[in-house]
Structures are given as structure tokens and as C-alpha cells.
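Heads up, there are several structures right after this.
Two complexes follow with chain A in common, the first pairing it with chain B and the second with chain C.
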Partner chain A sequence: MSSDGDNDDFLYEDEYDDGFDQDDIDSTSEPDVYDAMSPAIEEAPQKKPYDVSWKVKTLQEIIDMQNKEIMKVQSLLEVPASSAAILLRHYVWNSEKLQEQFWNDPAQALEEAGLSPPSSPTTHTSTQPTGLFECPICCMEYDYSSTYSMGCEHRFCKDCWMEYLTGKIKGEGESAKIQCMESGCKRIVREEVIDDLVTHDISKRYHNLLNAAFVADSPTLRWCPHPNCEYIIECSQAPTRMLNQLVPTVECKCGHDLCFGCGYSASHRPVLCRIVKLWEKKCADDSETANWLQANTKECSKCQSTIEKNGGCNHMTCKKCKWEFCWVCMGPWSEHGTSWYQCNRYDEKSGIDARDTQAKSRASLERYLHYFNRWANHEHSAKLDAEFYQKTEKKMEQMQNSGNLSWIEVQFAKQAVDAVIKARITLKWSYCMAFYLKRNNMTELFEDNQRDLERAVENLGYLLEQNISDTDSIAKLRQDITNQAAYVQKRHDILMDDTLRGYLERRWEFTVDT
Partner chain B sequence: MSGLSTKRLMKELADIKSKGTPEGIILLSADSMDEWVFLISVLGDETIYKGETFALRMKFGNRYPIDVPEVTFLANGQYQPPMHPHVYSNGHICASILGNEWSPVLNAVAICITMQSMLASNKKKERPEGNDRYVRSAPSNPKLTRWHYDDDVSTGTKSSCHPPMTRI
Partner chain C sequence: MSDARLRRVQKEIKDCAKDKTSNISIDMIDESPFHLIGAFPGPPDTPYEGGYYEIDIVIPDAYPFQPVKMKFITKVYHPNVSSASGAICLDILKDAWSPVLTLKSTLISLQSLLCEPVPNDPQDAEVAKHYLADRNSFNATAKHWAQAYAQAPAHKKKNEPGKVATDAELAGLSEENVVGFTDMGFSRDQVISILKKLNYRGNNVNPQSYNAVLEELLK
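Right after this comes the complex of A and B.
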């Protein structure tokens, strides 16, 4: 199934030039934009065709990225830095599109982005009148020096500006699109103006919002979703349209895995982002209800309404279609005579037929529960990881004491636990995958791999639970655990490798659109 | 109350007293500086609201006019909100001028004029889609509803608008 080597030259870059969705950054310009920022850190030493490369960036690097673009546009278009920034944000950091529009019609490009046309740059400041000015907002009188206008002929006092800008930034979380206070005026407030007019805290918040918007607007950047982590992942090999054949799991410098494709805060390999979304939604909607239905209800053998029997005899009358049937054999009540509390007719044909229909309507529910319960079981196990580590650590101490093993010699146990935990995450998602797979030969092979890994993990789990008695048994146990852990690792890699390659080879057929 | 809203509202009140309000708009009460009620009627024979009068209440917070006031049509024994595709039966109004297009240079009378022209341009008496559902669960302050404005119209209201929950 999985072939090595022949896919090593598989590159996404060549496919990746034709742009993403309508307003994404034009990818052709990207290497120029980001390359010089920091040396590429190849996180995966031997890159598999389904792996992606990524870089972990600091907030400062993100700021530098923006500044570099801004400086480039500033010198190319000969506009002030803050104008370049407003233009770039308007064109969602697509500097090629910006240049095209700008050289086509500079005045219009500036106007659309919310800037003053170049012909009337700062005339108003030089013609500042003397005397007092009544602010049209607060109706107080001010010296002209305490007022501010963006050059759109709309002047207000600085106090009102501060109130307004603070409200926009703090209250509404706006940043790049804060306009003039005048009704209908589209002029965008420049960065340096905001910094000048608001308090330091608000200005800091404003710049954070600008950075957040920059990351959110870029298809090649994503915040690490882990609490208190401030790193940003850069990855150009997982555009949205590739997510039907890639699961771009990356690792942040904070030590946590995440999915670059959908922002899921852990690895969900080998399952595609879209399938994960469907699964999560299904589980949120269905699982509790489905479990209860499974345990407490049957369907009316005529109209398929779901019925809960909450007491009484076996003579059921469907509230909906008035059909009378027996709760035990599901056959028509008319054939039961007067035996109200017992049914000895389980094998009669009419009863079997009714149960058949019932079975079909139940099958899909049962199928879902089959996969869900296995998925949930591994999910539950993962919650006990900390405990598992603790127990193992205790055992490792015990082995050091009673078995005369050195600290380094008992590390095999921790490595085994690592392998179990990693495999369980993969197994968990493999049940979600299996639920959406069409039944065919490929799926059977997938489930074989899944079963082999499941067994290997079970065996290793069992070995790790063993009690330690004497020195001899420790040596044997150590050997067994080490071997089994290696086997788990191997089965894990086989399942993962085969599944992820399967996407690239379009081997998997799903019951839903990917 | 901060000086910001007080001085401004006093000025607006003084302007109304000296210059009056546009035809069809009457300041009914401005007993306190934080809640005013205007009466609005649509002029001319063309309108479907001929002979009707509506009461528009504005509550001004102390950040007025930086923040938009809370504006609703009164729905009580005496007054009923107009039948209009942007006006819910509890008096809540879906209008971008009362949301993301509010500007601090606008004032109480400007809101009245916008409401008056919103009514004047309407040809069909009907409630917004999903009115009942919205009214059942709406917050008492319409500013807490995240309105969606669908289409630009010069009056500052939109041709179709709805709270997000009306779309199934």
C-alpha cells in the first residue's frame, strides 16, 4: 500500500501559485515578503510527502514582517509609512494588487483605502485659523491647538477624538478601519494619530488588534491556540484548498501540537479538518440523545415514530398512527389475543418483519454509537494521562530501588507511556475516520491497521500495569515493555503513514464531501 | 453624568427651542437629560402612514454622542410602533444609523429625520421576517442585539435587515 521514496519529490509549491480565495495574499509575492525574516527551521528532519514545513514566529517577527512590507510599499509608491500601512491593510496585504490599482489610478486607490488624494496633502494644517473653535460633538469651545482634523475638513476637539477612538478600540475592538467621526466620511485614522490621541494602554491595545488582524487576514499565519502562548505559526504549504488531502499538524515552540489547517488545539491526524468539524458537530448534537434513544426507545413498527415505554404493559398504541403492537416482539397486537403481560410469539413472521424494519432504522444509530464509544473511550483515557505518568514514575522509582537499575535504565517505562499516549490520540481519531469511510477494500485495510495498533496498545498497557516483584522479573518486564513499545511505535507509524499517503493517492472514499 | 453629554444635549435642546423641529417631528418630552420622546408623523398624502403618529424614545448614555443613544418606538396603550419591515413589534428598530453607521456629529433630530424618511419610503405595512421569534427573546436594550444590515439605502436604513437569529 504505502510506497517509500517515490513520493519524495512531491512538492506543493508548484501548485500553490494560483492564489487562494478572493482576497488572500497573492502567494507569488510571498517568498519575497517573508523569506528574509528568519532562517527556515525545518521542524521535521526527514520530511514525508504529507508533512508540511512551518516556522514558529514571535510577535516581534510578525511586526517586522508588516514593517518590511510597509517600507517596501512606502518607497515604491512614494507615500508616507502610515499611508502605506493603510493601503496595505485595505488590499489585505496583497502588495501586487495594491501596486496595480495604485498605478492605474493613484487618486482612486488612495480614496478607496480611506486616504486623502495626493493633490491636497496637508493644506488644512497650514491654514489653521486663529480664535476659538466650537467642537460640533461636545459643543465646548477650544483653542485650535486642542483640536484635530484629518484633512477631510472635519474638525473636532481632541477630547472627543480620544473618547471616540477609545470606544472604537476598547469597546468594539476595531483597529484598521476606524473612520473619521463625521457621518459618511470614510477617511481612516492613521496609526500615529491614534497613538498621539489615546492613552498608552489603549494605543498598545490598538497595535495588538492590528497585529491580530494581520495574522487573521493572512492564509499563511495562525496564532497558536494554546492558552497564554503568544507564538504565531507560519506555514505556506497548507492553503485551504489543500485540506482535502493534507492534515497539517505542526508543533509550536510552547510544546503543543496544533492543526494549522483548522486551528484545532491538538493533533487530529490522520483525519481531515473537514471531517473533524463534521464529527464534532455530530457528537455535540447527537451523542447524548442517541445513547438515551438506544437504551430506552423503539420505533413504532408502522410509522417509525420513536416511542419511549415508561411503564405499563406490552400492548402499545402508537400515539401518532394509532397502530397497536407488542413491545416485546414488535408484531401486531391483534395476533396476541389476551396475553397482556407476556409475549411468546417472538418467532412469528409478522413479528420478525416488524423487527427487521426496526433493525434497519436502528442500524445507523448503532453504527454511529459503535464509533463514538470507541472515540470517546480514547478521549477519556487521554484525560487520565497525568495519572498514568504519575503511576509509571512511582514504578520507575521502585525499580531503581529494588531492581538496582540506574535512572537512565528505567526511562524505558516513560518512553512506553509516551508511545501509548501518542497511539491513543491517533486511535481516537481513527474511529472518527472509520465512521465516515465508505465500506470497501481500502477501508478494510484501514481497519486492519487500526485493529493491529489497538491490540499493540492494549498489550503494552497491560505490561505497564504489571507489578514488579524481584530483580529477574524486572529484567524480563523491561525487555518486554521495550519491545512492545517499539512495536506500538511501528504500528502507529504504519497506520499514520498509510492513511496520510492515502489522501495524496486519493485512496479514501468518504460518505460525505471533503 | 459627564460634561460630554450634558452640554451637548443642552445645546440640542436650546436649538430645538429656538429653531424648532422639522415638520412632522415634535419633541414630546425632555424632562430629564437622559430620556427624550419625540412624536413622528409622515407628511403628505402619498404615505401609507397617513394620520398615524408614532412615539420615538431616545435614551442617552453619558458617552453620548460618542455612543449612539438607545432608540425605540414606544409600544404601550397610547402608542404603537409603525408596521414596517425594519421595526419589530416591541419597538426595536433595525437601522444602520443606530449601529455601525452612527456618527457623533449626528443628533436627536437627525435620528428623527432618518426615521421619518424610513417610514415615508415604505410602501408595504409588514413586520420584519422572524418578528415573533425575535420579540420573544430580544434583550430590552436593542443595542445589545447584533443587527445585520443587508443593503445600503441613502436614508441610512437598509432595505432588508434582521437580527442574526431570524435566519434559520
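Right after this comes the complex of A and C.
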């Protein structure tokens, strides 16, 4: 997209010039709310080589972008605005390609885009003896004023036009490619014609679809995926080919993060879009459930009900058929005599084979479950932390009212909870990453960073759960929490920075293709 | 708009009845004008010649702005028609539909589809393979189907009049090839279904595919 002409205003914030200079990736820094908390990390925000810069656009700006481009083409090719729009949409807003094709063979370019050159003025050849026109679709006779035909001379009544266009727009969600009703006629219906022939609501929907198509067709634009958010993100630094070394997390004006690369509705840093997709598919895959069943359950040796053992001794009694058996060797309990807590029949050959197959599937499953449980656990904890904050917020207000702490002084709890949540989201994704990493030294370093962050987060979580209503100990607790939060932030930045830099340095090796 | 739909369908049925030259008929099944049966003769100089093909027609609510739904009632051996369900693969029944098209013009399109199959966009992959592998054998099978299912008169020269097509002929296989395997003790139905699946005809009859058939039979 070259809608803007100059790249200088692509940046979300003013650029800091601190010497980082990358060819492909230019960046601004994410706003860092933690800087105010601790003097220890009070540095100027840095541009990171793996960050991208972006701009949040409103729908009106997107419309203006299109109009600007249309006006440009209109004056260059000397065609009406609606023709320029149809041409641009046909060439997917690539005005260079459009100009090239157009100057090469104007008639062909127009025809391909569905704009055959205007033919001679309408001749009313199909006039009925009554002087009326019979619509070939609804077979009714109309006065000419109630009919319409485009330059292709295919005339139909306005009722049929409305029905047809409404069906295309509302039913099929079509916009830029609505053609004449005549079979085989490729002429595209112009915007102003549609606005004229359909109701106001449908016309509005038509323009929304046009805008949606413009955004979808542009590799540098993406809708914010959050519900009810109408902003559009513009980012020219994260083309698809860069997504094997870049995780382009951006923040919309609605306050939510999203991934510009894949449209994921939250940050999935530090994991690459492609790995996230694989992971989500794996987690959603029912075969994992089947695997789990196979590895964690056994069948009652009598009635074949599936049983999961969730504790207790090996003396099982099937709830369904009341059959008593040994969980270890699966044999009838009656043969076990009184050795209730051990099975001395385990080594008998009959049981060994069955257990071997179970062990194999269990090994791969256990590896997956190890990572999945931690992934899911951090997600769950982040939610609980957010709820926990809602509760402490009230207490903070009380502290503010009763104690002699100012508003700014009780903000530490909120900032600490924010740090925990942010770190947990990163930790969550770090387990997805680790699942796909090859076992090597680099991976061990990654897991060291992961472990350090995890420890810091758990410590901070513990501190946050302390009773903060006690005014005497509040000063000490405040200090501890503030320090630990700063430490969490530091460990978080180290893990994130190292991992994201690792992509650029091609340090990570995965068990799957990226 | 349902008035317009009814008016238009009634007019179409009337116009079609008036037109004696096209040989296309559209008839109501019961009192509803929205579920019809269309019919046309197989086009001349094709294996379908002499056959009479019936089409199930369902008029959708948004007709004529939505394409009419059509499928063959008469069984037909053709790459773009499912030999099991009669479902049709034709662009004007999908995205190339235009409200200007009528039931009659669509039926005429089906008729010309019988003249010119599009094997690269098949509805029935097995039939399309047969069509591409051995045109003569395909034509013979299509003719057998026309005779067996579409009341086409049996051909004057090659087959004696009234002769009923064999199961091998209906599957487009040579009797010789089928017997070659049934003589080994495999059941006839099994042999025919596997030979059909592996397209064992024309150029595909060779030692390699022979082994493939045996492997499949022994599974």
C-alpha cells in the first residue's frame, strides 16, 4: 500500500533516536507504566529491534485513504471517480499495476475491471406496443422511469434491481464485485447506482463491506479483533515473510493488545504466530483427549466401563458392576489374599504386554500435558489475579480513607497485580514455546529464564495475598511488593528480550517448521 | 416478492408448454409450482441419444435471484453428474447464475452438458477417470446406462435389439477382464467394484495394475 506516500507518519509515537538502526525493523518502544514504580529500572524507553511501529486508524481515516487514492487515479487516468474506484478494487488497490495495465491498453483494462467503454445512448428497442417495458425477470410491465440499465444496456425494473442488489449485499456479503443481472455480463454495478437503487440501510451495509474488503485486501491493515472496537491498525513492518522472526504485538486505542501478524486477540509474545496456531490446534484436537483417556484410564476387566483412578489403594470395585479387581495387574481381587497395598502378581507375563503399550502413549502424552498444564495454569491464574485485584481495590480505598496513605501511595497494589498478570501471560506462552523447542543448550538457557520469572511471579503472588489491611505493617509490605514487582518486571523483560532477539539471531530451533 | 416468484414460475411453465420446438417439458408434481419435473431427450450424436432424462426441480424462496436447484432423476453416466445421487456440477447452478436465466434455458444447458462433459471439474471422479482413460469404453458404458435407465432403444447394429446390458457393461468394464478375476474365485460384485475403483480399463490394463487389483481383492 502506498496510500500515504511518505513513511514518516507511520509511527505510533515520536521516534526516539538512540542509535538503534535496523534495516527491516524500525521501532518505537511500548509505553512502560512500571517505570514510575521503581528507581531501579528508570531508564529511557528503548526501541527494540523486534518491536514494530504502528498507527491506529479510525474508519473515517480508512475511508479518506481510499478517497485519496481514488482521486489520484481519477486525475491521472482521467476517468470518473466511480470508475477509478472500480479499477482500483479490481487491481487490489495496487495503483502502480493499474496504471501500467491501463496505459498499456486502456480498453482492455477497463473491460477486465468490469467497465466496458460507454456504448451509444440507450435505444428503447424492446418497447411493448403499450409503450411500456416488460422486465424479463419479474415479467411485469413498467413505465421506463421505473426501470434502469447500465452502460451495457441490460434493462430491468428497479424493483428487481433492488431485490437483486439487496440479496447480493445482505445475503452473500458481496460488495466490490456485484455484476449486471444479465447472464454472462461482467459489468460491475457502480457505487452511486447501488446507493440510488437500494434502501439506506442496505447502502450503509454495502459501504461497510467495501471498507472491510479494503482492509482485508491490504497487507498493512488489520481490524482490531476486540468486540465493538472499530479501530484499524496500520503496520507496514510485519509482512508475512517476516513472521518467522517477528512477533508483531501491537496495542489498539481500545486498550487491548493484538497480534498484527495473525490477528490473535491478545499478545502471544514471545511465541511465533505459526507456533501459536499449531499449539491451538493441538489443544483443540480431540485426539489429545483420546490420548489422555488411553493413558490415564483402564477398563473394568468385567464390564469394560472406563475407569479413572483418582486416589486410594489398588483394590478397585467397579461402580457399575461391583466387580472387585486389582488396578495394577487387572486380575480379580480375590486372588490377592490380604496383601492389600501391593500386588505381587505384577510381573506375570500376561499383564506386561498390555502395560507396555500404555507406557508408550503415556510418555508422549505426559510431555504434552506437562506443558499444557502449565500453559493453562498461568492463564487461569492470570484471571484469578485480576479478580483478586477487584477485591483488594476496595481495601485500598479503605486504606486511603482510614490510614494516612495518599492515592498515589496505594497504587502499588494495582501496579504489582498488573505486573503479575503480564508476566503470567508471557509465562503461559513460554510453555507453548518450550513444547516445540528442540532440546539443546539454547533451550536450557530459555528454560532458566523461564524458571527465574516463574519464581519471581510466585513470590510476588504470595506477597499480594498477604493481608494488607493492617496499617502498621503496610509500609513494609508496600516496600516488599514494590521491590518484588520491579524484579518480576525485570525478569519478564529479560525473558522477552532474549527470546525475541533470539529469533532475529536465529538461535531457536523448533521441532516443527516455522 | 413471493408474488413475483409465483408469477414468473407460472409464466415460465406456460411459455415452455407453448414452445414445441425445444422438446423440453416442465411439469408440476402436485399442486405446488415450486417443485417441478423437467425432462428433455438425450442430445443426438451422443451416447445419450434416444434416452429421455428427467430432472428434479426445486424453486428456492428467493428465485429468480437465487439459482434453481436441479438434479437428475434418471440415472446418467456422465463426469459432471453423480452416478449415485444425480447431483449436477454446473456453474450456472451456482455462482454463474443470473436472474435472467430461466428453467427452460437451464434445462437446455443441462442438455448441452451431456454433449460436452467437463471432466476436469467432475462431480463423479470415477466416471471422469473412465472418460479420460478410454473414450470409446466410456461412450459404450454411457450408452448402456441410457438403454438401461433412460429407455434409449438398444443400438441397431452392435447389440441385438432388446438385449439387456450386463453388470460389467454398466460399470464400463470388459467382460473378459471381469471373468479373468472371477475365475480365480473372487465374487463378481467384488471384482466389478474394485475394477471400477481402480479404473481397470483401456490403457490401464497392464501387469502393474493387474497386481494392484489382486492386492485389493486379497485385502
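Definition applied: the second predicted complex is superposed on the first by the 367 of 514 C-alpha atoms of A that agree within 3 Å, B and C clash if a C-alpha of one lies under 4 Å from a C-alpha of the other, contacts with A are read in each partner's own complex, and residues count from 1 in each chain.
Here is the rule we use: contacts are C-beta pairs under 8 Å (C-beta built on N, C-alpha and C of every residue); 3 or more make two chains touch, one makes a residue touch a chain.
These figures come from a predicted structure and were not determined experimentally.
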**OP:** Could you tell me whether chain B and chain C fit or clash when both sit on chain A in the superposition?
**Re:** clash
**OP:** Pick one for A:Gly173: touches chain B only (first), chain C only (second), both, or neither.
**Re:** neither
Original post:
Regarding the shared-chain residue A:Cys160, is it in contact with chain B (first), chain C (second), both, or neither?
Top reply: both
**OP:** Identify the partner contact of A:Ser183: answer first if only chain B is touched, second if only chain C is, both if each is, neither if none is.
**Re:** both
Original post:
Residue overlap on chain A between the chain B contact set and the chain C contact set?
Top reply: 136-140, 154, 159-160, 163-164, 167, 181-185
Original post:
What does chain C use to touch chain A in their complex?
Top reply: 1, 4, 7-8, 11, 62, 64-66, 92, 96, 98-101
Subject >> Sites on chain A touched by chain B in the complex >> reply: 136-140, 154, 156, 159-160, 163-164, 167, 181-185
**OP:** Write out the stretch or stretches of chain A touching chain C in their complex.
**Re:** 136-140, 154, 159-160, 163-164, 167, 171, 181-185
**OP:** Can you check the complex and tell me which residues of chain B touch chain A?
**Re:** 3-4, 7-8, 10-11, 63, 65-67, 101, 103-106
